[in-house]
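Take a look at the structures listed below.
What follows is chain A paired twice: with chain B in the first complex and chain C in the second.
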Partner chain A sequence: MLGSVFAGIGDGFLLFLIASGLTLIFGVMRILNFSHGGYFMLGGYFVYQAVASGSPISLPLPLFVLAVVGGALAVGVVGIATERLIFRKIYRLSDIASLLGTFGLLLVIEGVAEIIWGVNPMSVPFPTALGRSIVVGGVRVGTYSIVLIAVGIVVAVGLWALLWRTAFGERARAVAEDRYVCELAGVNTALVSTSVFALGTVLAGLGGALATPLIALTPDVATAFIIEAFAIVIVGGLGSISGAMIAAIGFGVADSLAITYYPPLSGVIFFILMFVVLLVRPQGLVSNARGLA
Partner chain B sequence: MRAVLPERRAGEATVLGFAGPLIAIAVAVIPSVVSGATMFLMEQVLIQILFATSTNFLFGRSHMPSFGQAAFFGTGAYTVALLYSHVPVAALLLLAMAFSAVCSALIAAVSVRTRGIIFANVTLALGQGMYLLAFKTSWVGGENGIPGITAGSLSTRGIWYLTGGVVVAAVAVCWVIYHSPFGVTLQALREDAVRLEFLGVRVGRFRLAAFTLAGAGAGLAGGLFAYTAGIVTPGTMYWTQSGYPILMILVGGMGFFWGPAVGAIGVTLLLNQLSGHPGWDLVILGLVLIGVLLFAPRGLVGLFGSWFGRLSQKGLGVTAGS
Partner chain C sequence: MKKHRMTFAALAACSLVIAACSSAGTSTGSSSTAPPSQSQGSSSSSAGGGGETSASSASQASTESSGSTASGSGFTGEPLKIGFLDTMTGANGNVGQLALQGAQIAVDQWNAQGGVLGRKIELEVKDEELSPDKTVQHMREFASEGINLVTGFTSSADVLAAKPLAEQNNQLIVTAGTTDTSLTTTQHSKNVYEVAANVHMMNVAAAHLAATEWKDTKVWDGVAYDYLTGHDAWNEFGKLLATANPNAKTGKTAFVPFTATQDTPFINSLLAGNPDPQSSALYFFLFGGGAVQFAKQAHPLDLFKQYKVVAGIGAGEEFSSALGAEGPHIYYVHDYFYQGYDNPVNQAFIDAWKKLPPFQGLNLYGPHEWTYEGYTAMLAYLNAIKTAGSTETDAVRTALSSIEFDSPMGKVKFDPSNILAAPVTVWQCQGDSTAQFGYKCFGAESVGPDVTLAK
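For the complex of A and B:
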């Protein structure tokens, strides 16, 4: 029981990585981004590409860390390029049209991945020392879950500090609240948008990179994870990073318990929970009419 | 609420009067002149025309951007797949339509409380939930789905006539509903729901009805798909499949009754052309979607509509609607 709760928290923090970037981009750009799943998937493939030449059984930890960090940053570069080329034009559309535009971009990213890597599942082994489980206080916990939780906490604290303790964060929150007034006040809103988009896609890439030992990597990963991420940011409250964290951990734990005790519910539980929460609180758990929370 | 001018309507009726017999003749002759593979492709075009046209009640008419229509398409397909050996074809198609309508009414009952992006997401999540259920439930075939579906004693040619007849009839019904006072009220719902509510229209009921109607059309299309393909897999319900009718609607032009049909023909044929190039099909579809949104928000019919309209003196219905 406690073991699967712990594994669920680890999975939840992984989901938080993709959901936090999604909700951040929504908060600042008012655009719900289907293609975010594509950046997650690219993060996974970049890691695969970096370690593919090595042994299929053992993966040295330093190489994995390097591949994860490099993969996440490379995804950020792709993010900046797509923001400049395509997203900038999509922001101006209505909310539904922009949602569909990002769906188009998701198809493009998935298609490119299919052209490069094909549809056969790829796998990345656990890095050495991280594929085991240890017993802590009578509870068996996976070492990789510990890593995910640690990374998730670091990212959460880092995001909080960045948004609420730096000049950049102040600008981002101001643009989120009122882009027009910020432009009048001389804030370079285009630069803020690009930076926030880059940050969001790096987080998605980091999530995808860290997910590689846990999943079978196919281009479909993009469409599978984005739905769960959407459920999380909507339940958490659009634009709310703390809400995304609560929802992500809640979903992760619920799904993990479902896998242990009643497997047919795994996956479906996301949509049941989303359904219940939206019936009770249509605005999401942590709501803020405009801006980031 | 007289959104459609009578003379335009008369013009459309005249054109339909000419087009109707032509379509009937085409449906009758086609099996004699094309190969089996081409006939299958044309069946899929017809099915997608019905799917996209009924989905447009949500996009072009009432502004309920559903991202879960594939689930209702799949519901219809699975209804046929599970019962084909027990129920005659015509009755089973009606049953597939009715069952999808019931499912969509249930989902609408909760999702119509939300609007815009949240509505899109609630329908997306519920549709994906139905996909997962189909994927995990062994008595509906699980991951592999249900193969070997036959349409009673109907031959390949019989299935073609069935598909052609049902789609032509269903699209005609859609046309009548689209231009009926009900359809025009949906249009008003899209323009200004608050004002409509203020005027005393039960907006919630119209939303529910529109969603149920779209679900019924999707279910009928799905039932036909099961008969033509002979196999149903959970993949037909996967959420990206819900994006295709939307793509067709946008490519054709959501403001026009015939827009989705034009888009369905274009996108289905394009997909067929690209089927030998895995990956490229997605890239090109995605670029088409982005391109249409940015450069031709009124779709193909909107682009060529004025030219087309002048040609037929506003008779083809392409200038009617919004």
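For the complex of A and C:
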């Protein structure tokens, strides 16, 4: 039981890293960004390219940390470029049109990745000392899962502080509530949008970069994770970072328990919970109809 | 606003078109999703020495490589087009691309020797995207183009979709990579032949080894994909194991969805059975990216070290290659391992493969079994055409059912159920940080060919 719960929390925090950027971008820009999975995938491939494109034999921890940070920032640069070139044209479109547009962008990113890295599954070794497990309360727990949980907590706290304790956060929340009034008040909303979008894509890139020791890198990774991330964002409440965290951990633990105690529900429990939550609370677990929560 | 909308619409359309082109590149047979070994156009794939695969698609590669040898070989007739239909893009695109690599080697070798019946051989490549609908569409296109001989295929479901059309249009299919047992039993068709060892053959081999080489194993846990073939494979293995080794029994099982992104709960579920490293074994029926992901998440929890034997059914060296030094010690139970066979055809095959550039970061010491399957499927066709003296469907089918031909695994022939009666090969790989690619493989052993008998 304890092992299942812990595994679920670890899985949940990885999903939270992806979902937090997705919900942040929605909260400010009001856009359902399907291409978010593409930025996640790029984070993984950037790390692979930096540290493991030869023979995956061993990976010193400092090199891995550098690669993860560099990969996430590089994804942020890609995010800024796409925000300026593409998303600024999408913001004012209808929800359906923007959804299709971002889905098209996801396909483009997947296609480019396939051209560059091919379709063969690739992997990155665990950084030194993190490819092991320790026993906690009689349960074997991967040290890397503990790292993921720690990073997830740091990201959650950091986002909260950034949005609620800084001038940037104040502007971002204001733009999220009423972009038009902000523009009248002289706020550079374009800059805020670009900054938030960059932050969201950095979070996606960070998630992808940190996931590399745990996944097989293929272009399809983008689609696989974005579906779960979307479910988490919807259940957590669109635009709600705290809601995304609660939903991600809840889903992770529920799925883990299902696999342990009733395997036929594995993979399905995720969507059953989503259905139930939306029936009871259509606005999501934590919601703010007019901005970030 | 209108201007914005038009701009966006154009942008979205362009995005979708680009994406479609990049993900379904070979659907016309002349665009570019050939493996880099061919599309980069930098190397020969011809053991015969005359081929020069320099084109942006496999069909172009074939045309040009054949063309370069044609001038010296004196082809007398129209080029013979053979359809190659497989998944070339997406999550399992590496399977089709590696099979195409093998088919192309065979084509180049034969073209260097003058082709078949004096005709230059060309591959017409189409990407079925692992979709029965696309498969049907492309089979129809082949029929309308007058192509009656088709090879490739990774998915048994896609073969089942293609089968009625093949029978209706009198086309032949020699599958390279399909493994579902039903294709040679309940779904048997006189128009479909299979080269790869099927699940039944691999299960028989694994059960045979469980009673002989691995007779100390008492409990077999299983992990398989959560789909019909995964469940059937595990259930059949359990029955075969009970017969072959009454002292052994099946234990915990984990069926992993294809779409799973988190495998740790499945791994914990296996560990909850407290496998004994001295007497437990793991039946591992995962492949592709899912197998790699499972192993990655199992690594810190030492799952594989809890088992005396890990028997990989269907997976291959791409698994060990992706994992490098983190790869577990695994016995592969599959059809071909390049070190396992000492004959001129295998040597020529290996030599031709070595001239190819590395395939998309896949670090291999020898040709992959999917490459062997594509190669041998093509050899089957070419030998049958040569024997029949014709490319007509009925003549080629008669020849396929009767000829014995040289393959990398020695002389082989199709059995009455239309599957190649070749041995199952068992070999071992494990992570090794001192090895060139972070893993090493060794110990090839043939099991069969009696295991090729249909159920």
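We take it that the second predicted complex is superposed on the first by the 283 of 293 C-alpha atoms of A that agree within 3 Å, B and C clash if a C-alpha of one lies under 4 Å from a C-alpha of the other, contacts with A are read in each partner's own complex, and residues count from 1 in each chain.
Basically, a contact is a pair of C-beta atoms (placed from the backbone, for glycine too) under 8 Å apart; a residue touches a chain by one contact, two chains touch by 3 or more.
Keep in mind that what you see is a predicted model, and the values were worked out from it rather than measured.
A.B. asks: After aligning the two structures on chain A, examine chain B and chain C and state clash or fit.
C.D. replies: Clash.
A.B. asks: Does chain C touch more residues of chain A than chain B does, or is it the other way round?
C.D. replies: Touching more residues of chain A than the other partner does is C.
A.B. asks: Examine A:L279 and indicate which partner it touches, taking first as chain B and second as chain C; both and neither are also allowed.
C.D. replies: first
A.B. asks: Quick check on the superposed pair: does A:V151 touch chain B, chain C, both, or neither? Answer first, second, both or neither.
C.D. replies: neither
A.B. asks: Which holds for A:F230: it touches chain B only (first), chain C only (second), both, or neither?
C.D. replies: first
A.B. asks: Is A:I115 touching the first partner chain B, the second partner chain C, both, or neither of them?
C.D. replies: In the superposition, A:I115 contacts both chain B and chain C.
A.B. asks: Which partner chains sit in contact with A:L32 here, chain B, chain C, both or neither? Use first/second/both/neither.
C.D. replies: first
A.B. asks: According to the stated criteria, A:L93 is in contact with first (chain B), second (chain C), both, or neither; which is it?
C.D. replies: Both partners.
A.B. asks: Pick one for A:F270: touches chain B only (first), chain C only (second), both, or neither.
C.D. replies: Touch status of A:F270: first partner only.
A.B. asks: Please indicate which partner A:G101 is in contact with in the superposed arrangement: first for chain B, second for chain C, both, or neither.
C.D. replies: both
A.B. asks: Let me test your reading of the model: by the given contact rule, A:L214 touches which partner, first (chain B), second (chain C), both or neither?
C.D. replies: So A:L214 only meets chain C here.
A.B. asks: Chain B clashes with which stretch of chain C: 3-11, 57-65 or 291-299?
C.D. replies: Superposition on chain A puts chain B right on top of 3-11.
A.B. asks: Overlap the chain B and chain C contact sets on chain A and report the shared residues.
C.D. replies: After superposing on chain A, chain A residues 86, 89-90, 93, 97, 100-101, 104-105, 107-108, 110-112, 114-115, 118-119, 219, 267 contact both chain B and chain C.
A.B. asks: In the complex of these two chains, what residues of chain A are touching chain C?
C.D. replies: That would be residues 3-4, 7-8, 10-11, 14, 53, 55-58, 86, 89-90, 92-93, 97, 100-101, 104-105, 107-108, 110-112, 114-115, 117-123, 125-126, 130-133, 140, 142-145, 213-216, 218-220, 224-225, 228, 252, 255-260, 263, 266-267 of chain A.
A.B. asks: In the complex of these two chains, what residues of chain B are touching chain A?
C.D. replies: Touching chain A from chain B are residues 65, 110, 113-114, 116-118, 120-122, 124-126, 128-129, 132-133, 136-137, 238-240, 243, 246, 250, 278-290, 293-294, 297.
A.B. asks: Using the touch definition from the top, list the residues of chain A that touch chain B in their complex.
C.D. replies: 32, 86, 89-90, 93, 95-97, 99-101, 103-116, 118-119, 219, 223, 227, 230-231, 234, 238, 264, 267-268, 270-272, 274-275, 278-279, 282
A.B. asks: Any idea which chain C residues touch chain A in the complex?
C.D. replies: 1, 4-5, 7-8, 11-12, 15-16, 18-23, 36, 89-94, 97, 226, 254-255, 257, 259-262, 264-266, 268-269, 271-272, 288-293, 296-297, 299-302, 318, 322-326, 359-363, 433, 436-438
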